[in-house]
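Structures for review follow.
Note that subunit A is present in both complexes that follow, paired respectively with subunit B and with subunit C.
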Partner chain A sequence: MTVHDMKHADSDSARLEAVGGRLSRVDGPAKITGAAHYAVEQQLEGLTHAVLVGATIAAGKVTAIDSRAAQTAPGVLAVLTPDTIMELNGASDWLGNPPTQATYSPLVREVTFSGQHIAAVVAETFEQAVAAAALVKVWYDETPAIVDLSDRRAGDGIPIDAMTKEWGDAEAAFAEAPVRICTAYNTPREFQAAMEPHGLIARWQGDELTIWEPSQWLDGMARTYAEWFGVPFENVRLVSPYIGGGFGSKALALAHSAVAAAAAKMLNRPVKLVLNRPQNFTSYGGRAATRQTVAIGADREGRIQSIVHRGVNETAVDGMWVEPLGSVTSIMYATPNFSSKQNVVRVNTVVPGAKRAPGENPSAFGIECAIDELAHELGIDPLEMRLINYAEQDPHAKKPWSTRQLREAFAAGAEAFGWAKRSPAPRSMRDGHQLIGWGVAAGTYPVRRAYGEAVVKILADGSVEVESSSIDMGQGTYTILAQTAAETLGVPVEQVSVKLGDSHFARAGVTGGSRLAGVMTGAVHKAAGQALDELIGLALSDPASPFHGLQANTLHVRDGRIASPRGEGPELSIAAFMRAVGRDHIEARGDTVPANFTPEQRYNNYTTIATAIPHTEGDYSRHSWCAHFVEVHVDEDFGTVRVSRVVSALDSGRLYNPKLAESQWKGGIIMGIGQALLEEGIVDRRHGRIVNGNLADYMLPTNADIPDIRTISVGIPDPHSSALGGKGVGELGIVGVAPAIANAVFHATGKRVRDLPITLEKLI
Partner chain B sequence: MRDFSYLRADNIEAARNAAALPGAMLLAGGTTLVDLAKCGVAEPATVIDISHIEGLAAIDVGADRAIIGALAKMSHVADHAGVKSLFPAVSEALWQAASAQLRNMATIGGNLMQRTRCPYFRDPQNFPACNKRAPGSGCSAIGGVTRGHAVLGTSEACIATYPGDLAIALVAFDAEVDLGGRKLKVEDFFLAPGATAEREHDIHPGEVITAIEIPGSAAARRSTYIKVRDRQSYEFAAASAAVGLELEGDGRTIRDIRVALGGVATRPWRARAVEDALKGKTLAEDTVRKASELAMQGAVDHGANHYKIALGPRVIARAILKLGATA
Partner chain C sequence: MNDQVTTSPTTLSLHLTINGRDHALEIEPRVTLLDALRDRLHLTGTKKGCDQGQCGACTVHVDGERVLACLTLAAQVEGRSITTIEGLADQDGTLNAVQAAFLEQDAFQCGYCTPGQIMSAVACIREGHAGSDEEIREYMAGNLCRCGAYPHIVAAVRQAAQELRS
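Moving on to the complex of A and B:
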């Protein structure tokens, strides 16, 4: 498994290893030297290769498949079609709801979106499989497709009552308000576009299945595989030591995963299937396209009287995705009257999915642009506008915030950015042909909590191992869990090795919604505490212990050495102590699961998200907060927008490792710049097909597009949010970036662009 | 990607002989050929690797002309001191093309053979109709997603944009391409689609590009390349302009001017109407902006690419005024 050399720490902190220290990512050297082996790099004897054949229509029936030429092509072992692939069982969904259908075929006859998997070719080599897949001929009976939200036949969609949030009489209060704005905001279909494509290697040994696959949720995906193939959960092992970017897309076992696992079973050979880049745009969902209208009524002093919000997101013909568009709208500002409702519209697309801050991200785009428009309408500074309407408690849950350092974020960000020097009128700042604009927007993300488990082992040589089936997709799990164990046990961090990404380790729930750090530092802290208790108990009670008979009721461990609190008696290393008492290891399995949970509840805790703890549970409403200050340059002739400066102040509570937190925040901000200016899945309306499904044409920011980004932590420890006082980090950074940029573009040009991305033709 | 034969040519004669074989394609830097083979557009029967041929990568720059070997890398030409001082637009066009990794691999000869980024051209599986790939099959782009498509030089058969940067500068300065047995203007080397969209270059089986020759001029010495695009790097032009300017001794009367446009046409587009309107005129913003509009004579848009008609002249005007301001 994965052992990282810890001896490459920064020298700018004396206590790097402690929680809160700026320890560099311990997996970094392995990644940059190529020593880190990703899931599909696994080398196996007898490995075969599968390549998918996708539908070239968006809606209709497959009437015939001619696979004869493919079957006789060199190296081909099998051509799988809906007729020949083995039948799988239906599997429960991620909430744990039982399957709606008893059987499942990942290859389809009824096509509901372009690119949907119809067939697969398995061959001895990848090249042979690619060549043979091109020989598979498919005939269709095509029917009209609904290509996107603007398709007239799509209609108003399905109301999602669970999304309705209302208090007061929002419509009446809006109608009576002296100042009103009502505007519409659209966000396009966006994709996670991780550098590492989706893919897997599947191997069966009897009725035991091993899957090497990048995964944000080993236990959840293992459950799906187990249910598909009707084998016990314990028979499925998922291995995912590193993930080359997930951004929400890698938490579920998908149709292509089922194809590979079924092919491996049918051929009794290991099968590797990696989606090519265009398939990464059609085999799983990105962020759903959204439409929102935001109506705000205010008095002349800028105090909000009412917010009326309506949202729509697209979903699939054969799957449901709700992107909660009222999530930020309902909590960011104090208002006596509020109404938010949401519909979903079925279109011919793959089921949309989670992309960084699902819900909060587009929600913030609506409300944070709208508040800017209201500020302009009233002639009030947009930062002042936000402070006038500052929510002192959760306006929806009517509970106090656990912590909300948003006012501090506004103050720190404004100070560092120099907001006070902003010239208020649009189009009033320039440098030659470049119009300069300054914009601000806030963001938030709820603290998602769950229960976790970890194993901590103290070994004979004094080293420590931490095991968990959670994962590290670059955010720093390896590093912060090493820091947590080191601090709790009192050992140097270089003596700790963290093993992740194997579903046979101590179980873990999904890595998503910024919950992992809070959950797993809590679990490791607890397991390490138990291991320490056992070590000290042994030291005091074992007759062979040098501390036996000492008049002390406890001992200290510091820098890997055991001593009594007052210094009497011996002091020796953990290794020497383990030799003295003849132990080869001490192991503790610690968890934060409620003691009264049944085995079924424990299983569901790790394999579904049904047991997640609401962020408004108990007496508090728990959220992370941020404020982004952005400067843009807009070319007055060309309409090109470049972000020239970003200052963001963020409240993620206590930071377990500020260096890693800053890195995640910056990653989110960069992704937000892409969302604001570049990213859009472009659909050919005649064919219902994404035409820019590759990394040259689906535009992501390059280094040249990213300016200096300054992040400022304004968080304080939040004891209501997690064991060690942290709140969420990873999702937060992106929330509010796009509206801050859109607001800055308005300030630069006087032109309000309400449809993302803000491309040049919208400004010339 | 289907199987193909691989032949390594050790000299130019061997390359020419092999290039005459049916289904033969030349491999130099590979940045276009490998890409197009992966997406199923290029299906060579034989790949002739010319990257080892000696003597084809020289860069020879003098005041009267630059001769650039076909195998010179984009990055080497871009960074060549003589090119930078005597043909700045050429260097700037190369610097703004592709990415550092691609520029380090791609050759100058291969750059001229670069093919369009039209998404319909590049996806034969989903869009069988493409007159470039299959003459007479139709054009999938017309009526589809056209934001990046051409507004100049289009036909009913094809509206695909010529994607390159270097050739825009070459066309502005009357460069020639050396095909061994014959030389022709780069401007004539690139063909408008007309009714034969599959013919993109005036090159015959058995011909191999050996060099590019750019005549030196005062306009080439005072030249620039401006590229407008959605992102700052690694992207094709929404519109670009290569412009060279020579002023009279008074420092404000235009003696010679060269203007070519990229990102808006089916081939590198020399804007002679703009040049003719400005020669002999006094350099002034109004005059320049008005004359630049002439570049779009005959432009036809397909909806989403309408913005290019407004953008193109603005890029030209910016380039001319920038050169005028740096006397």
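Moving on to the complex of A and C:
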């Protein structure tokens, strides 16, 4: 698409159904009437129910399992243990690396974290399975666990050289800088806590496996199942029509998934296994706990001379997770000298995983608090401080930004918030007993790109179907792909139906890293363009076509009707045209995959992240940007913090549907409020157990915690980031929220809290 | 662990009135209303988020009042009038004012907490607790939404309350 085309498309954005229009979500009616059936709600004949038994220690060996009482309990069909579950093959990881072990057991004897799956009970009803699971007795030989990063035996960890980023001589420049700050920032273990629990239904029919499971990555998970069970990829069908939230947690087939699929095979009956809420805190990883130190040296005018950054994140005893803590540190501000290094430390936890903006989120907490501290040290307004050090190009990649509307975001946000009226001194604004603080912070997220595919069908009745194995977990995929197909083909959006969430549709890579909208609008735009070309070609060349013989080079389609551009000759609906030429459908499979890709590269493109395109590939560095302005009220006596106002200005490039993008931004901001003030996985130091693994004790923001939030789009179409000019939306909103709140709390109270969450005991 | 729990199963014959229709069930007394709806009657619009009374996703109406279906045994509600999200719109499909407002205000993303939010919102308005945004926030605080649709939920409840008053 040319820049000219893009402008044309934007000028159309007043039309609701066009790309850029504020169309209400097309899957909305099903969701508000209870008609949307989520994965584990499929009703199957002969369905059985599995319930897991988890380890009550964090480290040690299972010495014995007594399952006799469970086996004879009413309705019980099987008790699976490490001794009785079928052996699976090891599977490759999400990068496509081959398995490290030839075999795999999702039930274990060697325990490395509390809650790890030891056994599973399968019964005719859910109630029977729950009751029988409570009868399984397990004996352990417990060994001391390393409970978290603060455990003395945890050590300094393993250096991750790939995370090292350095230029200039950062340590020397810091030592010579006239103004220096050096501070440490900690973030706790956090959880995704999607409202829909993880779970699945598995059914075998011969060598064919069907899995109904909430999934952010059907093709990747299907690959894992195929490898576990040694069946061809095509034999595995994953179905995930709606996903009740993922936030990074639902992209991989996990141990409980393997248990259910193995049980279904062993019993030759469909098995449903849904993790109960506490198991959702131990069966897959949340965001790793992190520690960072940020040292900034500056001159007296506030210009940064050097940044020295060191980071640590926790990982599992038997699994590796790196939370890239230098990702924002290395690009947000211009500096001639820079050094960032990172270690990971093994503790007895389930392997940490992706939670909204993995890396960027804690990274921004460090650098965006530190820059605020430096501003205070120098007596410079924190917004001015950020403009003084504005990076005109990517300081790390040394490439120009594709687009960076961050200056515009600061200006628009400050104007709407009223930043100019801020009284600079801490504790200088109050309302009775309430101290008032205003804080600002910036955020960013890279534009992750990938190659995509889609099928677009024009049917005999003039309706259009779009098919893709990508998914909608609330971001609005159904809606924006309908808008893309409608606009490209020139048909009303009501005539377009989008089918997602079935791995037998056109393949798709992972829905994560805010990449899906850019990838899939590009693929659908291309496939729909091919379908349109075929329609017009047929109309001009088929002897039965009413347009045959018309001396036109092309035709256009508007509102579902075909006509010549100059209005001569007939005008008829697509349905009437299809009847005239006797076609029942036109189908186009379009993809953006390089033409020279082999079938294996294509397979890897959808089932691994090995072919992801770096955001600094070619001539540009591509990122989304945002600036958050936050007001807090802090009770002077009790230290309670309430966020009373948020204004955020965000650059996600061109928005495919502003109504839905605003919802995602606000959702990220609200998750950021939870991160700043409420969320913290608390580990029992004796048994290494998450003690608040439920939705009341792991506190999520409630409606009563959230004020009005204003979002302002400052993005412009970015032709280097995606086919239609958009950048990432979903992760951006959360990045920078926690530091903006921490900075506001400092402004209100004069106390700098560097350990999240900011709870009242840290303020009084 | 009390082995009696699993060794002496009994079933109850129940008649539940759900969305104006009678349903006959043969279930164990320990079956919750939530599991009876979802697993036995295939009314899956009512969602299971926590099964511990913490999230509100399973909110239904019993005799017009909001109730958590996960903390209610099916046997407790025999003879009472149960309304779920599937029974909220009119017979002809006309949406309840709250449902329509949720769609218009984009008061949801993933949709999983949404049936519970809507059932709560209908009751919140009926209870007279939708007089201000502050009041709506407090009386809707028992329904968690991890996608973070709260400001839009408040806007939807405010809009529906105004429509229902006028």
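As a convention for this text, the second predicted complex is superposed on the first by the 750 of 764 C-alpha atoms of A that agree within 3 Å, B and C clash if a C-alpha of one lies under 4 Å from a C-alpha of the other, contacts with A are read in each partner's own complex, and residues count from 1 in each chain.
Here, contacts are C-beta pairs under 8 Å (C-beta built on N, C-alpha and C of every residue); 3 or more make two chains touch, one makes a residue touch a chain.
Just so you know, these numbers come straight off a predicted model, no measurement behind them.
Asker: Please name the chain, subunit B or subunit C, that touches the greater number of residues in subunit A.
Answerer: Touching more residues of subunit A than the other partner does is C.
Asker: Regarding the shared-chain residue A:579, is it in contact with subunit B (first), subunit C (second), both, or neither?
Answerer: Touch partners of A:579: none, neither subunit B nor subunit C.
Asker: Quick check for you: in the superposed arrangement, does A:427 touch first (subunit B), second (subunit C), both or neither?
Answerer: neither
Asker: Tell me the contact category for A:127 with respect to subunit B and subunit C: first, second, both or neither.
Answerer: Both partners, subunit B and subunit C.
Asker: For A:180, using the defined touch cut-off, is the partner it touches subunit B, subunit C, both, or neither? Pick first, second, both or neither.
Answerer: neither
Asker: So, does A:691 touch the first partner subunit B, the second partner subunit C, both, or neither?
Answerer: First partner only, subunit B.
Asker: Between subunit B and subunit C, whom does A:61 touch in the aligned arrangement: first, second, both, or neither?
Answerer: After superposing on A, A:61 lies clear of both subunit B and subunit C.
Asker: Have a look at where A:556 lands relative to subunit B and subunit C in the superposition and call it first, second, both or neither.
Answerer: neither
Asker: Can A:671 be said to touch subunit B (first), subunit C (second), both, or neither?
Answerer: A:671 contacts subunit C only, not subunit B.
Asker: Look at A:764 in the shared chain and tell me whether it touches subunit B only, subunit C only, both, or neither; answer first, second, both or neither.
Answerer: first
Asker: Which residues form the common part of the subunit A surface touched by subunit B and by subunit C?
Answerer: Common to the two interfaces on subunit A: residues 127, 131, 134, 696, 701-705.
Asker: What residues of subunit A sit close enough to touch subunit C in their complex?
Answerer: 24-25, 27-38, 41, 43, 69, 73-75, 125-128, 131-132, 134-135, 192-197, 242-245, 247, 274, 276-277, 473-476, 659-660, 662-664, 666-671, 694-696, 700-709
Asker: Going by the contact rule set out above, which residues of subunit A touch subunit B in the complex?
Answerer: 56, 114, 127, 130-131, 134, 278, 433, 635, 637-640, 642, 677-678, 682-687, 689, 691-692, 696-697, 699, 701-705, 759-761, 764
Asker: Going by the contact rule set out above, which residues of subunit B touch subunit A in the complex?
Answerer: Contact set of subunit B toward subunit A: 1-3, 40, 99, 117, 119-120, 123, 125-127, 143-145, 147, 228-235, 238, 306-307, 310-311, 314-315, 317-318.
Asker: Mind pulling up the subunit C residues that touch subunit A in the complex?
Answerer: Those residues of subunit C that touch subunit A are 1, 3, 5-7, 9, 28, 30-31, 35, 38-39, 42-52, 54-55, 57, 84-86, 88-89, 95, 99, 102-104, 106, 108-115, 118, 133, 136-138, 140-154.
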